[in-house]
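Presented below are the structures under discussion, each in the form of structure tokens.
Paired with chain B in one complex and with chain C in the other, chain A is shared by the two complexes that follow.
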Partner chain A sequence: MTVAVEPQADDLVLSVREVKKHYPIREGALQRVVGHVRAVDGVSFDIRRGETVGLVGESGCGKTTLGRVIAALADPTDGGVHYNMDGMMSRIDRLEGKAARTFRRNCQMVFQDSFASLNPRHLVIDLVGRPLKVYNEAVSADLVERVVELLEQVGLGRQHLYRYPHQFSGGQRQRISIARALALNPEIIVLDEPTSALDVSVQAQILNLLNDLQEERNLAYLFITHDLSVVRHMADRLVVMYLGKVAEAGETQAIFDSPHHPYTRELMSAKPDLEADANVEVRGLEGNVPDPARPPRGCRFHTRCELATPACGWEVDDVVRWLEDAPGMFEHLVGVERKTDFAATLAFDSEEAAGLLSMAVRSEQVPEAMRTAMRRLSLDGDKVEIEFEEVGEIESTVRGDGRVAACVLMPEEVASWKNM
Partner chain B sequence: MLDAKHGGATVASVRDLKVHFQSKRGVVHAVDGVSFDIRDGETLGLVGETGCGKSVTGRSFLRLLPVPPGILAGGSVMFNAHAVCTSCEGTGCETCEGTGRKASQDRSVNLLGIPSEDMRRIRGDRIAMIFQDPGKALNPTLPVGAQIAEVFLQHRTDELIALAGLPADTVGAVRRFASQSPRFGDGWLLSLPGVRAQRRRVEEALATMVAGALAETQVPNPAKLMARYPHELSGGMRQRVMIAQALACNPDLLIADEPTTALDVTVEARILELIRNLQQRRKTSVLYISHDLSLVRRISDRVAVMYAGRIVEIGTTAEVFANPRHPYTRGLMAAVPGADTPRGKLAAIRGTVPELVDPAAACRFCGRCPYETGACRNNDPFLEAITPSHLVACFIDHPAPSGERPSYDRATA
Partner chain C sequence: MTDVPHSRVDAEGMTADTAFRVRMRRLFGVLQGLASNPATVIGLVIIALMLAMAIFAPWILEPNSPDPYQMPRDWGAVRKPPGTPGHLLGTTNEGGDVLYGVIWGSRTSLQLSLMVVGSTMIVGTIIGSVAGLVGGWVDEVLMRIVDVFLSIPELIFALAIAAVLGPSFGNIIFALAVVLWVKYARIMRAQVLQIKQNDYVDAARVIGDSRVNIYLRDILPNAVTPVTVQATLDMGNVVLIGATLSFIGLSEAGIAEWGVLVSEGQAGIASGRWWASTFPGLMIFLWALSFNLVGDGLRDALDPRTEGR
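Right, the complex of A and B next:
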């Protein structure tokens, strides 16, 4: 499969276009909206028939939210998911009546926690048979046979029909979830961390099963996971998300061979294979994922990126973040008066503290890129005025071979780093 | 029996440990005859799948098992606490790797047999534990500083009083304050002007010690972190707090029960590096419990593979990973998706983990093993050495009593 070729319209199952999902933050007695958590903030990719798209990222990067938007369990704030309905691409949140039902039966979901997603009071036959009943596919004796057929496809049998979810092991419960998702013969299944609660030996069984089913039924999968070894095994194409945005997307093998985004590289080097040299030093990422309610300007990864350049969007928040971690500094900060995100006046309670800060941001204590990006730094009594180069959002660029990456660096610069 | 001849003192030795649980369907043999040693300063990785008994084994070191329904059905966990090194008298020499202390046999105690009072003294001080889910293991109603302080109050009262610059025979109420054992009327006593000043000095000394313990885990700004509640911290930060708490008293043995399972890979690598650094610096022995093979390979000196309440293979990390001998170990390794595994061709282990209710005297991997023979169904294999440091419980490497011997060439899958 080549990605460079413009996909045929009938080849597409889903097309995700600039999807945003923001959740309001409410405060006070009147529950006024004071801000938004930008869980998903402009994500685009396509899913074609019979292929597996892997969606990876750390927890809190918005991958599950995006999965829910795609499965129409949540409406996007902006942008839309387009579904190929008989050759016509239609936005799923605008579908009505029969069309909406057609989409819903063609897009199913398997959740991570099979304890939470299978009703403990229902028997397996009710759980797996429910979609068939809802869509009037089968009744009575026919229904039982259809359910048995589905159970057999996922490696269970007739003897399991009249049992409750708690009587099964984790792997078996996940098989029941898969059988339920298969009941209406969908085109696409959103798999939200289907194996992360399972042991490796059971995970292997489930991955093999998913692959067999895909070959049999030409299913498309959206495989959401944080486990890179699983996604490399399963996915044809990969979408790497960071803080609600796509850091990098492209063919799985190409991305694993040469990641174009430092974040992808960090993810890959954090978890080496069983076959890899055991003595290679593994370093994770410094710091936390920033607050998605106030995502960093420029490239969202610049706060943790070792390769960050002055053009990555350094801003006032970076100084404040540095102050929070510096011992005995944050207590002296009394106010931040922002002109823009890139320029502000920081007021301290003493001239000494202000002096310390202006010394610190000129020294090795802050990244060199941040110092270079600083356009102005002036000390005036107990106030420090700081201004950074204004940088717009780092947009995703197409890199050939259908690869998309949102990084200002050239691929070679990322590749030469860490000598993978 | 196991590896005494390899030199090096052992900090703990588990012998034929049996922990059973009473259930409605019968007695579950969760841990059924486990023996291994943890040597001084080494990291022993304990791997296995859910329900194989690895956590129960780890918890039995600290007697954190619910009894009942748990039944300590037999065996012992001998613990040799560290004492001042005999050859250098605490100044640091080669035999104790410069720490001035080493495990001493003559202070050996059976952790399963000692009175609760003694166990309390060991728990958190000589043996500490890091739990899987820091969100559940930390108290949500206390700032993290107060939770780390508890360790010092329980185990380091004398140091605390000395650090506060108070005489050893200080006021009883202050002493009781510094050991977290208040009596009726202490509140009033501590509010007296002179005593209040002493109490404040103890509190300051305590804050210094807590900040010191937190600084060890490379957290930015420990003084600020101390006042935070667990819910205000990220998962990685909470796990650092728990590590600081566990290592506060410089324990001889650290039980790490899946400390990174709840974390992201990027954070996991950081935490792992931290545990390894601290362990190497302090020469603490670590029992690292995990289900993640690649992780265990990176952190351990030796590995024990558990299956259904038994250790099926134990050896140095290099031996076990380069030459796995037990079919279960091989199965586990093959099940991890690798770079070159063709899709849909993952070598899954067939079947599921057996229920451990009154197990028969047979190899517990029977029914899932592709190489099993009649001998496996009638005899119970036990750990036997194939190299001096590599032990396997399988008839493939040492014939069954009947003389019958399965082989890797003859798969009956």
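Right, the complex of A and C next:
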């Protein structure tokens, strides 16, 4: 996967390349690995100097995990995050010694929970002064002055130096976290849902503060959030994630104007609009996010996509999932014998149940796209043999203007759907 | 949010001294929490009296020579009841002064509890921290060892060790230390595992602070509360178990120790000579009770759900 406009190297701060982060699932007394949760499954994008990249998606899509990998709090399973060190792109998990410290200083993070991210036993001066102490940048009186300077930049002051985190409001605590992140004068700050836990009015203040600081210091932000209105306000570019993969990426305005991926569309329509008619029901996403340990084949969104086509990767699991939801059907299923993810024999406890299923999957009860994708369906006593078209991973494709999207549909087809 | 009034923390003239004052105020808050619980206050008063007794023992009663921890024997005054001149709490079958045993026994008990609790706390904290921080098979091996220790009842285990080593008070201390460290290891491991999940540990990593610093500044200070509470409770329990072992004859006969004294006096109870066992028994009871009261009070006062919020 490539990014459309190959940016100038000196313009880059970070380059995320095919990053994967899989967590092993262990079972039993011997802790045998029985599978992997694919929290992040091959994500690429760049962050340039002074820009804000918004990373959005539902909870559980891997955006926080990716943020942790970028801040070097977790090592990627595969792929890597490359940091621009004096024009040389180097993988951050391979940095050592002085280079590792240089990266550490230049990539800071602000966490969602302002209370949990500040040690409750430390005073503000300890919290904000700590990075300066770690790098021997200031001591005693000088340290106090530097901390006061930082506090003033985030709208706090000298009077707050000797207080504990619990003596502040949520917004003030987040300001302390931001001051701490600024202390080492970093190039980039990973903001992991920094305003999600705050009141709307306080949220706006923090966002404005972040904007001002970015302008003053030419900071780059990776803004992780599930809140599209925040990201619209903050981000220059967007990366929309779904189940560990990038659904769509590009300029924020362009994506808001015309989303190229049905998932992005759904996310936007799920947001209640103040100006919209209160009687119009907000359309949201239906169904649950599939298990990231067994992500759907083809396009990962096809199980919930209203625009799904036969080419989106329909598979045996979709039939099983449909059976789970169909009343009185699932208990008759006694076994699934898979040849591949796309072909299997379903065994039922009665011929009647098998017959019901083979009728149902031929009828309107299942999406038309699924029916079309079905290559074979044969009923043999109490067994049903099903085979779907084999479909590979739907790769991200470049759509011009620096946009990428992972969807088999053309942008016009996605766009026309909004008028349906 | 409860804000500190601005007048209390003035903008001018703030130095490191201010940080010290703020920290002291926090400590004072914990003490206030302790003081607001009557049971804790009673426990503290009893502990203070016992400590005073232990410290000032040589001034209260002249030490027996050559070894002050041996009971003085007055063979001319055997089985005297309380109130006898020169033997305020009476004497034992062997002419031991019960008052001497009670007062010098507090020194023995203090020695026992400080040595056992001190050593087990340090060893347990180190082992628990290593298990929690390193994880993996190191954790697995250490915790299975801990399980083995925990599967044997404390008293029986300590008894077995002390019996093998032979009757001596020093061996009781050693046996208790061998048995009791596992509690601290478990508490500490659980704390470390929980605390290292906290965002403030990640925040320290993002800053680039060293592992040692993160342990010393973030993990350890936030883990000490339950360890402190357990140590306080154990200060009392250890004396209880130690006295039990002494009672059944696992320390040297004739030393000034409450358990030994109870054992020496028990033969006379049936004949109505209640005093030789009752007074040292009462001391064991008060010692264990007071530390348990304070331990419970400390748990409430240091509760992270109420502290400082």
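Before moving on, here are some points about what is shown:
To be clear about the criterion, the second predicted complex is superposed on the first by the 404 of 420 C-alpha atoms of A that agree within 3 Å, B and C clash if a C-alpha of one lies under 4 Å from a C-alpha of the other, contacts with A are read in each partner's own complex, and residues count from 1 in each chain.
By definition in this document, a contact is a pair of C-beta atoms (placed from the backbone, for glycine too) under 8 Å apart; a residue touches a chain by one contact, two chains touch by 3 or more.
Worth saying up front: this structure is predicted, and the values here are computed from it rather than measured.
When both complexes are superposed on chain A, chain B and chain C end up sitting side by side without clashing. In the superposed model, A:Phe388 lies in contact with neither chain B nor chain C. In the superposition on chain A, contact is made by A:Ser169 with both chain B and chain C.
Of the two partner chains placed around the shared chain by superposition, neither chain B nor chain C is touched by A:Phe348. Within the superposed three-chain model, A:Glu58 lies in touch with chain B and out of touch with chain C [touch as defined at top]. Of the two partner chains placed around the shared chain by superposition, chain C is the only one that A:Gln159 touches, whereas chain B remains out of contact. Once the two complexes are laid over each other on the shared chain, residue contacts for A:Phe223 go to neither chain B nor chain C.
Looking at the shared chain after the overlay, A:Ile125 reaches chain C, while chain B stays out of its contact range. Once the two complexes are laid over each other on the shared chain, residue contacts for A:Arg104 go to chain C alone; chain B is not touched. If you stand at the C-alpha centre of chain A, chain B and chain C are 70 degrees apart, rounded to the nearest 10.
Shared-chain residue A:Glu324: touches chain B; no touch with chain C. With the two structures overlaid on their shared chain A, chain B and chain C come no closer than 8 Å at the level of C-alpha atoms. When the two complexes are laid over each other on chain A, chain A has residues 169 in contact with both chain B and chain C. Residue ranges of chain A in contact with chain B, taken from their complex: 58-59, 169-172, 199-205, 207-208, 211-212, 215, 226-230, 232-234, 256, 266-267, 270-276, 278, 282-286, 288-289, 324-328, 330. Contact residues of chain B toward chain A in the complex are 49-50, 220-224, 234-237, 264-273, 291, 293-294, 297-298, 317, 321, 331-339, 341, 343-349, 352-353. On the side of chain C, the complex with chain A involves touching residues 1-4, 6, 9-11, 14-16, 18-19, 21-23, 26, 198-200, 202-210, 213, 217-218, 221-222, 304, 308-309. Only residues 68, 71-73, 101, 104-105, 107-109, 111, 113, 116-123, 125, 130-131, 134-135, 140, 144, 157-159, 161-164, 166-169, 177, 180, 184 of chain A touch chain C when the two sit together in their complex.
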